[in-house]
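Have a look at the structure below before the remarks.
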Amino acid sequence: MDLRPRDHNWETRVRDSFSAQNFMAFIGARLVHLAPGGVDLELDLGPDLTQQHGYFHAGATSSIADSAAGYAALTLFPPEAGVLTSEYKINLLNPADQPVLLARGRVIKPGRTLTIARSDVYGLDDGTQVHVATGLFTLMSVSGVKD
Amino acid sequence: MDLRPRDHNWETRVRDSFSAQNFMAFIGARLVHLAPGGVDLELDLGPDLTQQHGYFHAGATSSIADSAAGYAALTLFPPEAGVLTSEYKINLLNPADQPVLLARGRVIKPGRTLTIARSDVYGLDDGTQVHVATGLFTLMSVSGVKD
Amino acid sequence: MDLRPRDHNWETRVRDSFSAQNFMAFIGARLVHLAPGGVDLELDLGPDLTQQHGYFHAGATSSIADSAAGYAALTLFPPEAGVLTSEYKINLLNPADQPVLLARGRVIKPGRTLTIARSDVYGLDDGTQVHVATGLFTLMSVSGVKD
Amino acid sequence: MDLRPRDHNWETRVRDSFSAQNFMAFIGARLVHLAPGGVDLELDLGPDLTQQHGYFHAGATSSIADSAAGYAALTLFPPEAGVLTSEYKINLLNPADQPVLLARGRVIKPGRTLTIARSDVYGLDDGTQVHVATGLFTLMSVSGVKD
């Protein structure tokens, strides 16, 4: 699997695009790791992000899983191409009420048009790590869309 | 398909649970339709909910799709059972930059343990309706969890 | 949604391609309905197609769901493009032990590169119809591949 | 993750159940590895299993992916419980025209009612290995069903 970036400016491009995702700032997600084919995001549990039982809402969990997968794909795109999520599937494995969620997006299969990535979400609590969710994402490379 | 509620208090229960989903209030989602096996939610486009190109973030779209599916399932649950999303898959069909998103959650197959629902999300703009996303959701009935 | 074929020869092309899918002949699937954006396949229950409890194996159910979705997409492709399944998700709703399975593939969103289709599988038994499975499929148009 | 079998007879039970899956024998699948939480199946490319371009039909690929995941789950079930696939999602990563397909089913999250497993399918050809497909599966434990 070839994980060499095709844009020498890939790191700045991903950071700038992440900064421009208002929804990520709104929910409080942080970009904590960035490498060719791999992006990690973190999110703190807070009262705004919960469902009715006090756990992270599946929507919050999925949102960082999706952005981690999308940016993992974008690290490998050529300069003139933007990224869109075409589809994804996620399994919610354990209730997520840990103080921090970590989403690890990793490219499984890079491609010219479609890139497939996995995202695993872990709940971090005082040295322990719980597998909260796992998902598969299809990301599309869209020419002429600035990212 | 039997869509008769097993809890005579189903409507109040769903409304109360939706009100307790802080994440729905945080992103601004509204419960606009409620029937046995069917729940509709709406969400206004605002600067907080966008991805880097100004469209609704897939996470926001998925969040209301998920809650609509989950509450569609909950309308059919017995009094002592709560609802958790086990897994879902969503296809993002068109860019979503309309002023309002409408998620229609509909039960496909009710069940004692697992309920399967579909959620379709539409972008509403001045009388037109664009099919923004479609998803399949597996909802789990969890005994002894208040909802 | 525009469901006009872009190949005046679409019907012959789909029938010829279906005939060339050896696996469909091997399991005994029949093409029973063909229209722009919609294809139905049928399959008889027989001892070769079962899992350990005597029901249709999920693999058999999925196989006709996949081919129905793929050919529903192909009806809309231009002459020089072939079809490949990129991914799918399927929910198995009820045990399938009816004499005949019917898979209805329907295009939800046609596209130049990606076409999204739904496939619903029903078990037919003496006038009754059971919803056996529902799935979402992403089909890819591949230029220069004969179909 | 606890991968200890709850049935001391798990190995015989899985082998017997696999032998009773007629569809696996029909397509020629072999059980080549068996461990608690992990099952590998192999399938030879032959003229009966192809789609219209001569590759393995996605239905054949998915069928062994599904059975590998299902039996990986069954290795961990108590004696009186059978396994049913509730749903799955699969991404087809590369065309599969290698002489042998290998499906590796691995439990990600065991559970009393639902078990989540991953299945990765590889095409094997003269020492090389191509990643053909990856999928996520939800398996259900059904009490009182012989397996």
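Order of writing sets the chain letters: A, B, C and D. Residues in each chain are counted from 1.
The definition used in the following text is that a residue touches a chain if its C-beta (ideal position, glycine included) is under 8 Å from a C-beta of that chain, and two chains touch if they have at least 3 such contacts.
Owing to the predicted nature of the structure, the values given are computational and were not obtained by experimental measurement.
Contact with both chain C and chain D is made by A, B. Seen from the C-alpha centroid of chain D, the farthest chain centroid is that of B. Chain centres here are Cα means. That of chain A falls 22 Å from that of chain B.
Centre-to-centre spacing of chain B and chain D amounts to 32 Å, using the average Cα coordinate of each chain. Chain centres here are Cα means. That of chain A falls 28 Å from that of chain D.
Residue positions of chain C with contacts to 2 or more other chains are 86-87, 89, 91, 116, 136, 138. Per the touch definition, chain C reaches chain D in the complex via residues 17-18, 20-24, 26-27, 47-53, 57-60, 62-64, 66-67, 82, 84-92, 95, 145-147. Chain A meets chain C in the complex at residues 86-87, 89, 113-114, 116, 136, 138, 140. Residue ranges on chain B touching chain C, taken from their complex, read 1, 89, 91, 93-94, 108-109, 116, 118, 131, 134-136, 138.
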